[in-house]
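Shared between the two complexes below is subunit A, which has subunit B as its partner in the first and subunit C in the second.
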Partner chain A sequence: MSIHASPRALRTAASWWRPVGARLDRGASLVFILPAVVVILAFSIFPLLASLYVSLSRLGFSEGGVELKFVGFGNYAKLLFGIDQPHFLGVTRPLTPVGIAVLLVIYGLFAVLLYRYARGPNRTLGGLAGRVVTTAIAGALVWLIVNTILTSGRPGTLVVTIVYVAVDVSVQYLLGLGLALLVVQHLPGRRFFRVVFLLPMMITPVGVAYLFRMLTDTSKGPLYPLWAHFGLTDVSWVTNPWGARLAVMIGDVWQWTPFIFIVLLAAIETLPHELTEAAVVDGANRWQVFWRITFPQILPATTTVVLIRIIEGFKIVDLPNVLTNGGPGTATESLTLHAYTIWRALDIGGSAAVAYMLLIVVTFVGISYVNLFRRRVTAMA
Partner chain B sequence: MAIIRRRRGSVSTTTVPFPAMTLSYIALFAWTFVVLFPLYWLAVTALKTPLDVNGGPFYVPWRDFQPTLDSWHYIFFDLREDTFRPYLNTVVVGLTSTAITVLLGSMAAYGLVRMRYRVGLGAIGSFAVAVAITVVVVIAGGPWPLGVAAGTGVFVLLLQTVARRFRRGAGNDDIAFWMISQRMLPPVATIIPIYIFFQQLQLLDTWGALIIAYTASHLPIVVWLMRDYFQSVPIELEESAAIDGASPYRIFRSIVLPLAVPGLVATFLFVLVFAWNEYLIALFLTSANAQTLPLTVAAQNATRGPQWWYMSVLILIMIGPVIAMAIALERFIARGLLVGAVKG
Partner chain C sequence: MRRFLAKALVLVAGVGLIVSCTSGSSNNTSSSTNFSGTTIRVVTFTGPQIAEPLQRRAPDFEKLTGAKVQVITVPFADLYQKLLTDFATKTNSYDATVFDPQWMGDYVPPGYLEDLTDRVQKDSSLQWNDIAPFFRDFSATFKGKVYTVPLDGDFQMVYYRKDLLQKDGLQPPATWDDYISIAKHFQGKDLNGDGKNDYGSCLAMKRSAQSYWAWISIAAAYLQSKGTKQGAFFNTDNMQPLTNNPGAAAALDVYKQLSKIGPPDQLNNDVGDSRGLFVTGRCALSLDWGDIGTLAIDPTQSKVQDKVGAVILPGSKRVLDRSTNQLADCNATLCPNAVNGVNHAPFAAFGGWSGAINKASSAKVKDAAFAFLSYMSAPKQSGEDVTIGKTGFNPYRTSQFTNLDNWTKAGMSTQAANDYLGAIKSSLQSPNMVLDLRIPQSAFYEQTALDQALAQFLAGEISLNQTMTQITNQWNSKTDEIGRQGQLDAYKSSLSITK
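Let's turn to the complex of A and B:
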């Protein structure tokens, strides 16, 4: 990889006699980044290619062992159009009036945003093309979500995962930001809260999953009086799809709010003091200080932590696996758990195909997010 | 232009009026309850017998049930080696990989914030061709070192010749996005290739395998977060140090890192937590020797159902050191380091 960061440092072959220190200084930009690039590249390229190949093949048992048979896009076709379609995409039903209304509102919103960009001052052809493609894919996903959730249909693992990510990340962000703002105040005992709020993140995810299974048990969990009050002790709450999904989401929020909390806390604490002081001297109230000074300054950290949580959130697996085993039916199955279950059934190729579909969706979301939000935010800062 | 550390609480803007303070405390205690109640349940479960756990919800020891240390005894004395060896592995792997990750990651992050990189399209193309050749050699039945050597040769050759003709390239943001995109594929798809990778390196069931795997998989997160923290360090300080003749390494070590300590500490803490708690990679890459604690926790799900009482003890002793670390490091996530740094 040729990184033309400091071309002189690379090209001056005649300068071998120079003192080593000076040469190191010239190549500093390479010294800073190469170790990380090499480690990531060495570790990621083989798994990426190998799993791509596996996703295009099927595991077969032959005499004397196993073999991978190349089947082209067979595994993907099975997910999108074949027998795995209800599991992956879900079951669609004709739209209800509510569904139609929701669809119209969202599509109208898309159209307005596109129109505003097309009429705006800094439009480019590439930017417009990118936004049209993004809108088309997002529109298709919205159509799928509305058709499976707001009708009598059944959402597949793709839609369930998107719901998990959307709900979890928004709730975690609001909670994390609120808590971070609370503990930067100079309140007595704030150091106690700062450490306590980190605790959920420190438990191993498998452990959190078992802990929540214990807590949500309707006959011997601590919430038994509550269940008894509503007469729910005999029917397990996991028989209700949305109840089960809610339990999974509560577990995820409980565990990962601390992550957003600590990142934003550190971001706020790194900010220079002068601006806030000057604003207070000029008579700004607390809300104005937050909205006009603190919030814009932590926007870069905000977009980063949200992106990381989106990427990690798409890979949610332990909670639905341990808490509900994906049930009832496949109602709480996330994409990774979907990949995991068919992997256990030795359909390695199909499992890799699900993983690659996940990669495609996350890449789409990630690229759209970075281009539409993060670029703008970092340009502002 | 000295960096003055001002005493905490001395700034008049940070005193909190009474009504706001009351509301703050209500919110803080509410969330504290949400956080601590599940942990309380863990703690009492660790003191119960299997009969107490299965008999129904018992809340308060001594009042609702007779506490016992049976589970603790089982974990510490009956399992003994099977608890302590994973414990040692977790500590060594967690601390080592976290230290390496934070070091390499913040270096790369600093580079991406303050220096300009351009990876030519030609270089990327050459790399793709080289990888393709390596793959062909390996599929054709050649040994993998031969494939890698052939690929490297072709890469260098193309880089020196054809690749220089392309002008367009990828910049800092593209490099950063490439890094974070390495975390998008779920581990379930990559775990078998990773297993083969370490098998070929003959590192299976060693600390080395886990340290490398954790470093590589957590680096992108460190790079992304440290980028933002470095960005908020005033560039004037670095410029004046450069004018005074400091080398980039010295500026990084003596000015940038100390000023980014809150972010550095936060990043260190949760990378440590990630490495400490990782499950799937450890499951595949280790067996008897290098097994880590998350596997021990999961192993308590026996055929007769989860053994909550043992699990609770394990989870509690597992988070102990991390809590101690958080208490020790929390003081560094504090404002005031930058006060007065860029006056005038």
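Let's turn to the complex of A and C:
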């Protein structure tokens, strides 16, 4: 059977379909985008807004359910100015000469950077305003860090978390880069070590925390003979605030160095050989090859992996929770652990307020890092 | 007619059989009912203690009744909020819980727990009246109704190495000063012959663990001297905390001294660590619930079998005079219950793990859950469990105190059993026993505010005065947030409990 349609009938059908088709075309974008929008709204925006509301409320239990009482910025005020201020921001004490010197150096550096941008050819009003705000916030954080660490004061969970991120990410980067450079050399066993170096990343963080809990115990555990050999069995370094923080940082470095290692290894292995060979032919030594050829080429990967680690580093919780329960005192407590301990006592509003403060700090650091550093590096590359 | 008679006879016989079966089952234990196809989800804290006996006896219970028991465990510090959020959000993922009866103040008023009053009265196998009155009234009852089945009896007491003290001519500690001097005497000496330096005292002092009860055990001696109803946490006139006065300061001072007479990583030790150290012979003294007594007779881990003595919590010869807010020497007015001039205030820390049932579970599951709790608490099972160290269950039934057979069968000498049970009995019978806090959000007062301040004090982050101020401010802030009068009423109501 065949179907024969007259040209007129086809034209009529086409003219009928045209507006329908156009309508469908117009609606198609909505149909395709809507599921994604709904998913994002449901899983990202809604929890974000809901937790914002929770951070402005106090949770109470009533017959058969819960009730949220709106308390405005009460939970934030408690953290920044109230009863939880020493826990969150720490305790400041009068500056020592060392502290003053450090502050002067850092503030001087900030001033030079701002001045250079203001006098530079690429300045814009928006860029300058952004940098002034960034500098002001960074200056306040530096002031807090110096006043709580380089004095007889005590750092709060905000400063402790910043210290974790700064130290952990720096050391992880240096070690990860060193290992990646080592593994690309044609050394015997490189394939084996490539796998071995990755293992810590595969272990659950709670497992790592228990492992380090055993290793740091000087009175028993697998390292007991070592501690005994040096006569250190009566010394506990995890009951000293900085000793405990160091133990947490060592654990974190051990676990996450492989992540940086694998990313940088991939970046180094994909580099073209021609440039290196040309440099060697031109008489460049190993250091010059690394510093002038390899390093600039892996900078984009470097900045990305460092950004990921900074964001992840701010969320550290497993290690201090299992290794020391945030102790001694509150010495090893990170922001996430702080939020968790408050949440455990069912102060859900206070916990959400801490979580929001963490979000603000991570967003500030992340945006500053992308704006001031990463874009420039990517552009250079 | 004959056929009719025959049918009638058969019918009468059948009815008689059914009636006899029914009346027979009503006299039986609730655990003999058939619960085939029912699963009971029981949540408790990550063991091995407490979870172990539940897991071990679950298959036996299943054989007996057909009900499957699924034991879910969560870390102790998470249990309170996990339960509360589960109930409040109506997730209802648990049918029963073995929990801290202190939390009834938060769980009962919103109607999350099943009223068990009728069930305990009807269940002959539970032998309710065999449970010591204090545990029936404190651990099981809230505002006149029964909500839990006690599975454990909790008092903190002091354990000492009998062999060492006898050898050096020392008496068990009667006061906290005695405790410190004995601890100092043995600190750094080899106490178990392994050539290593050992410790005068081993306490749990880790943060976010079960450490803060030890400080309350010390403070109680200074803060409460006029009987249970005086209370050791708040002033019963105005709900002002008793945490900023010379009594609390003396207790903090003792606590700080003890943090330095013990293993080097004492600040990172939980009760599991301190118990392990004591039963392996590395400590001369320790402060704990009844657990060390039973762990010490466990041949698989103990190196101090029959070398352990137990005494009521040490006391103080000077107590807080609330009229002057100063420490004063004990006299007949200030310390009416003193023994040899020493005020003892044995602390019923925690109150004992108890089982409760989720009101929202189905009727059949609730019946099965109650049958399981009843089975666990019944004298036959519990009498055995309280003698096993790893269960974490300590004696709470009269029969467990009077019948020494189970104890001697478990490996305790008659002398050691009398010693151990005597220490618990003298705590239980003390007119100056200190009741643990049971008011709304008691978990915040103890587990969060007190625990954190004590940890900061031990770590040197805050001074003694700052510690007292911090605890007081945080407690006052929470009291005002919840409502001072309501909290005061709840506190006074909890103190009126008869023993």
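The rule is simple: the second predicted complex is superposed on the first by the 327 of 381 C-alpha atoms of A that agree within 3 Å, B and C clash if a C-alpha of one lies under 4 Å from a C-alpha of the other, contacts with A are read in each partner's own complex, and residues count from 1 in each chain.
The rule we apply is simple: a residue touches a chain if its C-beta (ideal position, glycine included) is under 8 Å from a C-beta of that chain, and two chains touch if they have at least 3 such contacts.
On a predicted model such as this, the values are computed, not experimentally measured, just so you know.
S.K.: Could you tell me if A:Thr239 is touching subunit B, subunit C, both of them or neither one (first, second, both, neither)?
M.R.: After superposition on chain A, A:Thr239 lies in contact with subunit C alone.
S.K.: Considering only the touch criterion stated at the top, classify A:Pro300 as touching first (subunit B), second (subunit C), both, or neither.
M.R.: first
S.K.: Check the contacts made with subunit A and report whether subunit B or subunit C touches more of its residues.
M.R.: Comparing touch counts on subunit A for subunit B and subunit C gives B.
S.K.: Contacts for A:Arg154 in the overlay, against subunit B (first) and subunit C (second): which applies, first, second, both or neither?
M.R.: So A:Arg154 only meets subunit C here.
S.K.: Output check: A:Ser29 vs subunit B and subunit C. Expected answer is one of first, second, both, neither. What do you get?
M.R.: first
S.K.: Considering only the touch criterion stated at the top, classify A:Trp343 as touching first (subunit B), second (subunit C), both, or neither.
M.R.: Both subunit B and subunit C are touched by A:Trp343.
S.K.: Touch check for A:Asn325: first (subunit B), second (subunit C), both, or neither?
M.R.: second
S.K.: Give one of first, second, both or neither to describe whether A:Ile83 is in contact with subunit B, with subunit C, with both, or with none.
M.R.: second
S.K.: Taking the superposition as given, does A:Thr218 touch the first partner, subunit B, the second, subunit C, both, or neither?
M.R.: second
S.K.: Using the superposition on chain A as set up above, list the residues of subunit A that contact both subunit B and subunit C.
M.R.: Residues 219, 343 of subunit A touch both subunit B and subunit C.
S.K.: Considering only the defined contacts, which subunit A positions touch subunit C in the complex?
M.R.: Subunit A residues touching subunit C: 58, 61-66, 83, 87, 154, 217-219, 233-236, 238-239, 241, 324-331, 341-347.
S.K.: Within the complex, which stretch of subunit C touches subunit A?
M.R.: Touching subunit A from subunit C are residues 77-78, 80-81, 84-85, 88-90, 106, 109-111, 196-197, 206-209, 263-268, 441, 443-444, 447-448, 452, 455-462, 473-474, 477, 481.
S.K.: For subunit A, which residues are in contact with subunit B within the complex?
M.R.: Of all residues in subunit A, those touching subunit B are 1-5, 21, 24-25, 28-29, 31-33, 35-37, 39-40, 42-51, 54-55, 175, 178-179, 182-187, 191, 193-207, 210-215, 219-225, 254, 259, 262-263, 265-274, 276-277, 280, 286, 297, 300-301, 304-305, 307-308, 311-312, 314-315, 317-318, 335-336, 339-340, 343, 348, 351-352, 355-356, 358-359, 362-363, 366-367, 370, 375, 378, 381.
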